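I've put the structures underneath this note.
In what comes next, chain A is part of two complexes: it sits with chain B in the first one and with chain C in the second one.
For the complex of A and B:
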């Protein structure tokens, strides 16, 4: 016991005397086995996440495969020019941000609602089945979903238009009316991902101490009051955390979804063309790695800045839920 | 057992020797090609004598699905050639989406591979100037390689040479042009009272009108949204040597040459002002007459489905019975006919050849640059260039050798009918080899025996060298590397418009093109125009035609 106290005192003194570096070394030696445990993971990150970052250099080069990363000519910011020279970039960035914001907001809302509703459900079997049914769409590839969507929205013989026709209305040409598509995409995104996204929230809810609910019941709280004043406030940190993480990717359009569903239908570009689909189309013939890398780098950079911003906001509003 | 040991020892020593010798010659690329050349006749001598050459395994990369029975075919190949080639093939199959990037990365990493599929639509334009691939000129028209000499004519080789007038590929093609057609439901045509096959656009239009009026729910013409009408209504007119079209990123440029075809006068692009067009000789002097098909496309859009721009698979749409005809090329005739008959009972397929002169099978009716769309390239870093070329020489030495790879084992996967036809047998499903990546050659075509007479005639016609001619500037190809940024900008701006135009969705295309052209000016259309001018002039100055 006395030894432990003695060693606990030493680092504090050491910090004052010999500076932080020595304290760091001391910390390493003291917990060497713990750090050894963490080493493989750190190495993994270094080799597979940090070393490859050197490759970002090709975003500033006229990269030629045979000359390699070191031999290619350095061209500065030229690769970024192409994206910003066309006036289209404003619209494309707006679309990307708009769609992703809608996705994040509505997916989070839907996931929380699903999580609360499912936990309030009685009946073990019914609950399990409901949960499975809602998670299932997540495992369908967007390519498959795209075929369902076509069957729904087709002008000749689509389900929706057949239904509308029953009431004697004119068919809606969804595939040439860009206005409908943010709505359609958001609905699809909710259907596809909200069930799966609710798992985390359900786990959080099941981690809430049941004593709180019990004492609330004793005080005469109704079911809605319990949700409003216990469940939701306790879900808040998780919601903020997941939102911060999602915001990191807000500059990355959901290529898999949008390209599978909208494909190359130019009529729908005004509302559905996002950075990733635009880039794919413009680079398809050219296949230029440098220009693609430049846009990818820009997306990551903006994403990183946004994560920092949202985190800073979270820190002010709800300090306990910020990541760092 | 002892044999096995000996074989292994032999193999190891061969590997060692080849590695050492390669190390020695790696210092100088030019030297290494030189030395391998001098050894080439030696290896032929060995092949003729009793001693087989050293065993070698050639590594290759193709794309697509590996045929199930490839092992069986390779085994048969090894059995046949143990004493002559003594070569094994080790082919890896990339998914078609990854092939392009994988080849690029392999070349960058200098990984060892002896042959890869590459083509203009893959990395060829980029990797050849960068020195990734070996020059193959000397293997063709060379008596040491009789198979290659016989199968690849001098003109064919000449036209497939690259910018520096050297050959870097083994070009594969069967026909120099896959005839564009509209496939028609024969049973539907007869049902609607058209007793004779359709032979003109007028008849086709009457047929479509009849479909619209008496077959509700059936779309007259199915097209893919991103490709649109393509060759339908392509103008029938005499070619002008002085005005040559060049399509870049969807935009059509006309290159106006002087009468002696030695200098570029100017380059006129879609949507340029009327004064620019007026400098061209008729019928190119106005956009209306230069692109007469665009009006027809807008008019014919009533024969398409309403959601045409979202149509990704028009063939399936047709096969499900929802359309009366669809756009295709003649090479898929036999397969499509089979598919249709399997899907819809009593249905039958026939085709209407789109261009008048081709439909009438006139000689010199098809413009071509004799360039093969598909080819194999051999990395300059390969240590087995001679042996790889020996393999391809063997492949083209006889129909037997060639058909083994293209169609599989005779009697198992297919059976020969006469000299140049075949019937597929039941096991053929296990050996669907992508011939265009490895074996196609104009001199070794076999057509399906169950084709009807008309189709056979068109196949013969497109195999006949006399059907083709090379127009002026045929083998010019534009190099985008100097104007990459402008090209990407112009293309992504123009692409949506061009797509709608091709699908017949734009009525007033003339003024809309002019508006688009103004936007493209701001994105670098002028820079591209000057680059085209410079490159074509350089091409002409270097003696190109």
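For the complex of A and C:
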């Protein structure tokens, strides 16, 4: 009896398996138009996002362009050792983390302050015009911004030096003084992104139930108290979510900004050279594909782990802020 | 507004007005000064430094850059990349986003994860560079400015979320009336999604317009330099300025290096200023969609 049951199960399992495959095919046929629509996009992601992942093996090879990825010799972790032995990594990792922390903190702060202030304003025209002006810089590329920067920091004729000359000070050689650049870059980042970043916070504030403010007013709360005890606490989840997203990318230097503005000025590298600019130079100037790939791989890996970690933390602290 | 504002409330509001006004000035000053400085003579700029008001009004720099065909070529490249790129991006992005939004597509979550993963982890610059330049052999082709950046996972998910927010019953009832998927997409879903499509289209258009890194990596042919890369080049070397000054045969002529740089910058941002009302409107809208749904 038991034997019969056992032998009867096997074909059943087989049908189930065949059924799964048949169901898969059936699903593809049923929605063939929709799958076909998505196909070009899926292929694009395969070529431009997944194939480069295969290229990570270059990091473990002594890559020679002539031999290609398939023909190059494997060298284990030599590229990683070489990078860490050079000592450059301390400077570029420190700069990347330091600059990005400054950017996250000051940009978030500026965006929240702008959003809170603008919501409190009354004049419709004043609001409209200032908002348009504050958002505008976001639409410019960093190469254009770099031109603007020159007008301010140039040693001969730059605005800052024109201004301090009025008080009889010697001109500051910005282009050879790395110490000023974290500040300059933060000011630029705020200029470029704070107005735009404030939009999300303004949307959050406008979503707050006006009854809360009204009953606070009836209870005699001042404008400042309403901001302190209603607006800011209700902005907190949005601030946490956006900060988490930003912290996930803290190992990614802003290449577009830093390369466009600082470019190839070695005198400013001590404070401005980040992982991405260093990697770019070691690839283009030294042609060291393998070491560059090793740096890039570590950066991707650490970034990946960071996003997962930070999200796990977010889930615990504020479940509504987690991304996934 | 039955409750009268107290004195301290009005002071605080006053302070907010002043702070916002100052920040707006801070945002505006660089534009103002670059435009003013580009409208003066080179000699005056060298003598007086950058300025907020043109000391000796002159259009020389603009005349000079429009005499040469470099700027026209770059405008052509950037316009082509922006228009064709945005069109292709939108076709493939909305096709994909629609499939991922239809609930009867059984594997849509698997497909979504396949795309989502590329936002978390990437192969890095070296592998991408080798793939595009060596294996796909796209160097010095205008398509290298379009195809490798054609799809953005972020934009795709924004659009998918928008499509998913459309009431299912619309598509369901069309299906009962015998409409097929293509009809539903082109006749029902796309027309009611036009604002979202305009928003995502502008996201793409701006990123194509402002692209320069890809040109720096893959383009050596001067005829294919997009505007933003041209700006980057002329900031860092004098080739362009010497080239456009070569035809000038005046005695004692000094190439106006500084004003030409500034004038080229102004010419580059022109279209963005012109289209700004649209950009602002749709970008703000798009951000809201992202903030609420993303």
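Heads up, the rule we're going with is that the second predicted complex is superposed on the first by the 215 of 324 C-alpha atoms of A that agree within 3 Å, B and C clash if a C-alpha of one lies under 4 Å from a C-alpha of the other, contacts with A are read in each partner's own complex, and residues count from 1 in each chain.
Rule of thumb we're sticking to: a contact is a pair of C-beta atoms (placed from the backbone, for glycine too) under 8 Å apart; a residue touches a chain by one contact, two chains touch by 3 or more.
The structure presented is a predicted model; accordingly, all values stated were derived computationally and were not measured.
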item	value
Touched partner set for A:66, first chain B, second chain C, both or neither	first
Contacts of A:304 with chain B and chain C, given as first, second, both or neither	second
Contacts of A:287 with chain B and chain C, given as first, second, both or neither	first
First, second, both or neither for A:236, with chain B first and chain C second	neither
Touched partner set for A:315, first chain B, second chain C, both or neither	neither
Which superposed partner A:199 touches (first chain B, second chain C, both, neither)	second
Broader residue contact with chain A after superposition on the shared chain, chain B or chain C	C
Chain B versus chain C as contact partner of A:38, first or second or both or neither	second
Common interface residues of chain A - those touching chain B in one complex and chain C in the other	65, 68, 150, 154, 156-157, 263-264, 283, 289
Interface residues, chain C side, partner chain A - complex	3, 5-6, 8-9, 12-13, 16-17, 19-21, 23-24, 26-28, 30-31, 33-34, 37, 45-46, 48-50, 92-93, 95-96, 98-100, 102, 104-107, 111, 114-115, 118, 120-131, 134, 148, 150-151, 153, 156, 180-182, 185, 206, 209-213, 228-229, 231-232, 235-236, 261-262, 265, 268-269, 272, 276, 279-280, 283-284, 287-288, 290-292
Complex interface listing, chain B residues touching chain A	100, 104-105, 107-108, 123, 126-127, 130-132, 217, 219, 225-226, 249, 305-307, 309-310, 312, 480, 484-485, 487-489, 491-493, 495-497, 499-500, 505, 519, 522-524
Complex contacts: residues of chain A adjacent to chain C	27, 31, 33-35, 37-38, 40-42, 44-45, 47-56, 58, 65, 68-69, 113-114, 117-118, 120-122, 126, 129-130, 132-137, 139-141, 143-148, 150-152, 154, 156-159, 161-162, 191, 194-196, 199-200, 203-204, 217-218, 222-224, 238, 255-256, 259-260, 263-264, 276, 279-280, 283, 289, 292-293, 296-297, 299-301, 303-304, 307-308
Chain A residues within the chain B interface of the complex	64-68, 78-79, 81-82, 85-88, 150, 154-157, 173, 175-176, 263-267, 269, 278, 281-283, 285-289, 291
